[in-house]
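Each chain gets a letter, A, B, C and D, in the order it is written, and its residues are counted from 1.
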């Protein structure tokens, strides 16, 4: 059973009535409810818990970490960020939702500024599938629509995605690479754009299907041979002039 | 004229006689000599200079930064590392040579551990061209050989290269992705494997040709429109329901 | 001087008054006029010429071939198609414009159906730059607009582009990967979407700048070492158990 | 249950005693035996059967087609080649083994010459994993060895692989991109290098594990929404100036 941890900064829901009405259990709660039928082992973690809820034990027991952050990125402790990144490189899947494009974890894994243009204007978003056979697009038709969402526009300053799965059309005139995958070390990363806190995006069945598809795609294979960083010089496999390796 | 800065930690050459004999002007000096006929504006910088020789002025006046570091990675100041990375994202080319795979700058731009396996055994390396039409391979035949080099072996923990240009065969039995390109922001990055300090690699004409090819490839185009991070909400280009963008 | 051949099926312009008014010298003539200031050696070729104007001599003397075809794809001779593809694999650049996505040459080089959805409804197209430092985007701002164009929509059945440079937004609700690069053999290929015959697209300065950028990008490097298909078994470079290579 | 068809030209085994001793049931039989424990629905097909054993019914009932051909590529009927390629674009997985790099099907799907250098000299091959978390590498350690194999060397004239999984080291001094994936339409393609008919490669457990991994990776997802080529103009999803789409 895939072990999923859903992390949320959990701030807007506690401060803004509009958001609380849409997500009474928090965004993490809504995502957990949406994933519940799919048979994962689910837990949640939030910013204000000790160690942001991401203790060594929790991270060790997590196959896929889903992340939602927005205005509190800078409050996330650098030591926790390092631990999360190390776990990703060691094989933990990572799904960055919406404004998590600017989370410390995502930026550190990408190496770029991860900036983009944005606008909150209650506009329509239509997400087109540009990789229909990808496991993350399973069950999704040629496109789907969100009646109201925040706009994110190009240029999105990320490394060239290894796979591009969704491209968004926005009513106000922009486009955006909305579903992107990356591998870092042994870890698989999925960035998925929608999910502004003032819209009921995480109650949308296609959005939840895609996140669930992402969980299955990003989960590490228990039979895969873990990459272990080599220590010291590697012994030669064939004859070499100087068979006693020197210090570099 | 492309403005090139060659950075070297410049440590082995001052401490080890063997290295000093091969590189009496330092590795940076050898690279500068090798690039001199190609008509660049060349300067060098080393670890022990103030700000490691990478002042704001030097970085602003650099189109392509070549980096050679090995055992002193941790001595490079984090503030300088940040400045170099910011310049790369803004368009400066970056060429990481040999053990610079483990430099702070390269690791920060990659987001991975950048580890590999290694061995110093005076063995032969043969570099094969797997992308013959790439500008970085211009003038290089199907392969070329270095009689003695340090071995670097897979798994090399980097993001999937955008372009793979050279793959090395080692006498001791390993292979390695020796020529890799990446884009980060507006900057082009070229990793090139050879160049251990105890071998005369930077006196080899094909090695120097490839580094010079890399300089031309990585140099920013003065006519390209610089990407500027947008500030504040983007005005809609088409009619939207709520034309006065809200704070996100 | 880069030698450019502009190929056009040259059919609509001769049959439809509306098209003839926009392109009195043919689409090939308009493209030639647009490229003229940039200092290329230009020639044109059309479907009804002997060998479609693509004789062995013309192909040998072409560095970059620009292609515009639409309703006459099936009238292009398979032997010529093979010759063009062979020249691309040997290093000739190829720029496929608009409905040339469905030309025999482009489909043969891609290996996929190259189908897409389409609509002619006089609608607005806005092309966004998603790779601002790419040479093909030089001089282009964050986006540019075409007031009226045919719509092309996803899913566009092509192999994953090696580089994605432009993504289009359409008034009618679709998106499209409008600027894509591919390498095949030693040849560079650029697909660029706009250019329906009933709109003055090839009189638009940004469109022509991008095509000219594409010509420079796709042109083969005269100093690159041409890939020659090996004949017979390869002699071993190191000692092997059975040094006299057998027939496979 | 994944339905696998193993196709073999089945020629060497009938003509050469050495090959017959290694593969008494044919190469297809050895592959079928190797895959049998993994619970697939297996069938085989060979060149000399009517329609090469690849009738419409067989193709329709195949999820993954494994292909082994060598000296009889030209004897494969073009109409069958077309049907196989169409099925791949529609979602059937395709695994090309060894000399099938030069099969009509693989070349048509790639669009390149697919040439390489080669030598049969009883030499050692060592395959290194360069993408350890990829499903096709599951269960494989850092490398594995084949005591004797034919050599294939770079440059291998294929499109840039979407994923590179294995790189081979050869005793005679070459390297080769030995495990490569591609997507074409809805179909996943895996090229895997080893498997010369005079060596017992298809009795090697790691080779068979990798082929089995490839079958699981390439199999279409029954829940994925098949891409259907659109017919006629696409109706606009938003208001357009000329809502009655014209013929293109």
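Note that contacts are C-beta pairs under 8 Å (C-beta built on N, C-alpha and C of every residue); 3 or more make two chains touch, one makes a residue touch a chain.
Because the structure is a prediction, the values reported are computed rather than measured.
Where chain B touches chain C, the two copies mostly use the same residue numbers: shared numbers make up over half of all numbers in play. Rotation angle relating chain C to chain D: 180°, from a CA superposition, given to the nearest 5. Between the Cα centres of chain C and chain D there is a gap of 29 Å.
Chain A and chain D have Cα centroids lying 32 Å from one another. Between the Cα centres of chain A and chain C there is a gap of 36 Å. The set of chain A residues that touch two or more partner chains comprises 126, 131-132, 142, 153, 155, 160, 162-163, 171, 173-174, 183, 185, 227, 237-238. Every residue of chain C that touches chain B in the complex is listed here, in rising order: 91, 126, 131-133, 135, 137-142, 162, 171, 183, 185-188, 220-221, 223-227, 237-238. Of all residues in chain A, only 126, 128-132, 142-143, 153-156, 160, 163-164, 167-170, 173-175, 177 touch chain C in the complex they form. Remark: chain A residues 70, 85, 89, 99, 108-113, 115-123, 148, 150-151, 153, 155, 157, 159-160, 162, 171-174, 182-185, 196, 227, 229-230, 233-248 touch chain B in the complex.
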